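Each of the next two complexes has chain A plus one other chain: chain B in the first, chain C in the second.
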Partner chain A sequence: MSQLDILLIILRVAFGAFVPLCFIAVLVWMERRGAGFIQDRSGPNRANIFGFRAGGLVQNLADAVKLVTKEDVIPGHVRHKFYFVLAPVILFVVSVLSFAAVPFADILVLDGKEYMMQAIPTDLGILWFLAIVGFAVYGIILAGWSSHNKYSMLGGLRSASQVISYEIPLALAIISVLIVYGTVNLTEIVQYQGQLLFGFIPMWGIVLQPLAGVIFIVAAFAEANRTPFDLVEGESELVGGFHTEYSSMKFGMFFMGEYVALFTSSAIIVTLFFGGFQIPWLSTETLVNNARPITVLIMLLLPALAYFFVKWINKNNKSHYARPDDPRVREAQVYTKVVWGLVIAIEIVLLVYLIAVSGGPADRILVTFLQILTFLVKTTLMCFVYVWVRWTLPRFRYDKLQKLGWEILIPLALLNIIVTAAVVVALS
Partner chain B sequence: MSAKIKILERKGSSLYERLYLFEVFKGMAVTFRHFITNFLDNSKLLVRHYPEVKPEIPVRWRGRHRLTTHEDGTMKCVACYMCQTNCPAKCIMIEAGERTDGRSEKMPVRFDIDLLECIYCGYCVEACPMEAIRMDTGIYSVIGEERQPFVKGLDELLATKGAFTEEEYKKGGA
Partner chain C sequence: MNCWPQKVRLLKKSTKKGALDIMFADWLFFTFAVIAVLGATGLVLFRHPLNGAMSFIVTLIALAGLYALLSAKLIFALQLIVYAGAIMSLIIIIIMFLNIQPEDLPHEETKWMYLIGGAIIVMPIGLFMVKMVRTLPNISTEIVGNNFGGVKEVGIQLYQNWLIPFEFIAILLLVPLVGAVVLAGKRGKNK
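Let's look at the complex of A and B:
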């Protein structure tokens, strides 16, 4: 094992472990501010450090401090304390693990060696995701059962039946997708999506398999226990559902696990149906071969983007009432400087790349960075869809939920498999 | 003449609606419109920036209580116990004593309102035959760190001034 091997292993595992964790903060912020904007209110925007509110992100810090310093109660009636403590751990660990097989960039070729850009470079791909994500429900059932509380118990039971019902359409939707791609390896699936249909449409999963895409997304919502399928914690009926009895950081683990699961299922949806790390119309080879013009293009686009971003910050980051020497305007001025500083730093890095090291392995590393960025942008947009749907749709009634799963999604998924298989056989 | 009957068509039974997905997209379009307007210009948010921008209190708004006085400064209250009897939260505690200013026979020597018990229903104001108790102070936020300061005594109730003029109050119809 060379030093490069070890370095890349560390980097990949770090990416797979820390990016979902960092996204917790982003997602909680997105959820609360998004909910605010959708409902014509502003969401948390007051918490600050020395007057810097970072658009409300500082609120997460305050929440984390609150959760950590709260009293950690284990209710006296809980008999199986071990399982009670184990439940949030299972949920959290499973959520983080299920991201491990998602590719965040194309295979990186350095010194003739191929590195799969996944936290765990395995060929299992989608099978890993299916296997691991099924475990998450154990955490919820354990939490519901060990809480020794009828509301929690009901929440756990609902979750169990819901996951059993929706895992089937989920898996069936994946089968029809796999028939098209002909592989379970997620990296190869994404490479397949880099092709062009009729020479101009990106061959994304959603174009080839729209029905499977819709079924998968609906089932993924149910798997992640998000509205409109969040009966598990339906607060109007079940108090808080399975996490009623949990407090402090044990609740925090559930909370974080939920958002990591959201991130992971967004990543899987993007990987299977929205071209993963592929930039539309620019396959990896095109990118590597045209690294120089693309870099120049980025260097030109970046200041333009930053200009509009800064304009947006200055427009919105001010007090909407009379206030002497508005501190928010000063705050916005600092943000402006930070943004332009970052732009200048990136431009310098790209310039150094263009002059000194372009051509050779640096091209491939640059392309990898671009693809990671694309992947994260797509995943963030998918996460926004989750938030958006949550604040649009009301919760399903329980029998309607099961009816949708068993009577509509499963027959549709089966039909889709048959049609897909017939078409694939006819074409080959 | 028969009453006007408007028969509403029951929604949600056509195939287009039962497909559900299109209706979902329509709903999402509505929420996204709200999101993007507020995201691009957050001055359009329908919020009051509360601690800095105070709400406008109308005349009929039931704020913290006060006891009114005659022009010469003597209190109007005659300790008739009407408000105390009427209070559904039982938050008023009156102790009557002999009146010395010659206006009538009784006056309260103790008049406590426990604001932690009070539900701000305004029944005391309606019950009062002397218009002695009013809730027109415009005080909507009472803050304290202990329970004791929330029990407002006679002196404090008398010292608080109304937020409105007599004409405005009468016009408000309270």
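Let's look at the complex of A and C:
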């Protein structure tokens, strides 16, 4: 193995491990601000470090400090302490691992060698996701069971039956998608979506398989135990569901695992149905061949975007009543400087690229960065859909939840498979 | 299971990747094998059914690791999805539903007698197995290549060369499924 190989292995694994973890902070922030926005209030906006609130992101830091410094209680009635401690670990590790097979950029060709941009460069793709996600239910079952408490037990049972019943429409939706793509390899699936339908519509999964897309998204909501399917922790009935007895970082593990699972399922939805890392109408080859004009375009667009962003910050980041020497205005001035500093730094990097190293491998690395950015933006938007749905729809009743799964989603998914298979056979 | 270390070592030697890789694959094999055997022992010896089920899951995951070492990717994934994921979670749900406490379990005073008696009876078979493994010819094996064991390759085998047996098995599996649904429906109506 050359040094480049080792460096790329480290980079890819680091991406696969740290990006989901960083997104915990982003998602918790998005959840709170999204909830505030939808319910017409401001959300967390007070926690600060020296007056800097970062739009509410500092609140997460305060939460983390709170969770870490809380007393870690294991109730005396818990008989199986090993399983009680193991349960949050399983849930967290499974959520992080399931992201490992998601491609975040197209295959990177350096020195004639191909590098699959996944944390684990396997061609198992979607099978890896299904295999790992199946273990999440153990975490919930064990937590519910070992808590030895009726609420937790009911939460665990509900969750287990819900996750198992919704895994069927999830897998069936995946089957009809796989019939279209003809491969389980997620990188190949995304490359397929880079084509154009009738020459002008991007061939995204949602265009080719709208029904499978809807079924998959609904089932993914249920798998991630998110509202409207969060009966697992329905606090009006079950106190906290399976994590009632957990405190401190053990609860924190559940909490973080939930958000990592949310990120991973958004990433999978984007990969299967929304073109993954593909920038619409611009395939990898087009990007590599036109790297210089695209760089110039970015260099022109970036200051414009930054201008509007800074204007937006200055408009919103001020006190709503008259204050002498408003600290929020001072805060906004610092943000303005930071944003322009970042813009200048990026412009310098791009300029150096244009003058010194453009053409050759640097183009491919630039394209990889652009695709990673596209993938992250799409995933963030999908995560926002999760937040949006959570604060818009009320919780299902349990029997209705099971009815939706078994009597609507599964027959629809089966019908979709038959129709898709017939169409694919007829067209080939 | 004892016949595998030799085979795996030979498999890895034929790829000529250097001494470090051979050692690594060997160590992985031994780790997985030991974990698999320990899990199976736990399944038999643990008193609480949930402990037994959990240690069986460990065995199943270790077996998946062994399949991956043999470069059978599809079977690796299926082992995790079907056995370690789906079937075992159903079994654990049933154990949870029954909510068995240590008091509910029967007293097994003659457990050790049975264990020792069983060991003595099984001993000749074990010795025979050891002898059989020792007489295995020392032939170097090579990886078949062409991504053998991958998803597409197994699919082509199943749906071209073994289509009729495959379909028969599918129908056989469908029959108990329909039967279970019919039986469950009947019991509901009588109430």
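Methods note: the second predicted complex is superposed on the first by the 428 of 428 C-alpha atoms of A that agree within 3 Å, B and C clash if a C-alpha of one lies under 4 Å from a C-alpha of the other, contacts with A are read in each partner's own complex, and residues count from 1 in each chain.
Simple rule for what comes next: contacts are C-beta pairs under 8 Å (C-beta built on N, C-alpha and C of every residue); 3 or more make two chains touch, one makes a residue touch a chain.
Since this is a predicted model, take the numbers as computed values, not measurements.
A.B. asks: Just from the overlay, do chain B and chain C fit on chain A, or is there a clash?
C.D. replies: They fit side by side.
A.B. asks: For A:D40, select first, second, both or neither according to whether it touches chain B, chain C, the two together, or no partner.
C.D. replies: first
A.B. asks: Using C-alpha centres only, what angle sits at chain A with arms pointing to chain B and chain C? Round to the nearest 10 degrees.
C.D. replies: 120
A.B. asks: A:H77 in the overlay: touching chain B, chain C, both, or neither? Say first, second, both or neither.
C.D. replies: A:H77 contacts neither chain B nor chain C.
A.B. asks: Would you check which partner chain A:T122 touches, where first means chain B only, second means chain C only, and both and neither mean what they say?
C.D. replies: Touch status of A:T122: second partner only.
A.B. asks: Who does A:G156 touch here: chain B (first), chain C (second), both, or neither?
C.D. replies: Touch status of A:G156: second partner only.
A.B. asks: For the overlay built on chain A, what is the smallest gap between any CA atom of chain B and any CA atom of chain C, in Å?
C.D. replies: Minimum C-alpha separation, chain B to chain C: 27 Å.
A.B. asks: Taking the contacts chain A makes with chain B in one complex and with chain C in the other, which residues are shared?
C.D. replies: In chain A, no position sits in both the chain B and chain C interfaces.
A.B. asks: Touching chain C in the complex: which residues of chain A?
C.D. replies: Against chain C, chain A makes touches at 80, 83, 122-124, 127-128, 130-132, 134-135, 137-138, 141, 144-145, 153, 156-157, 160-161, 164, 167, 183-184.
A.B. asks: Once bound in the complex, which stretches of chain B touch chain A?
C.D. replies: Spelled out, the residues of chain B in touch with chain A are 21, 24, 27-28, 30-32, 34-35, 38-47, 49, 52-53.
A.B. asks: Quick check on the complex: what are the chain C residues that touch chain A?
C.D. replies: Residue list for chain C touching chain A: 50, 54, 57, 73-74, 76-78, 80-81, 84-86, 89-90, 92-93, 96-97, 99, 150-152.
A.B. asks: In the complex of these two chains, what residues of chain A are touching chain B?
C.D. replies: Result: residues 34, 36-42, 214, 312, 315-316, 319-321, 323, 388-389, 391-393 of chain A touch chain B.
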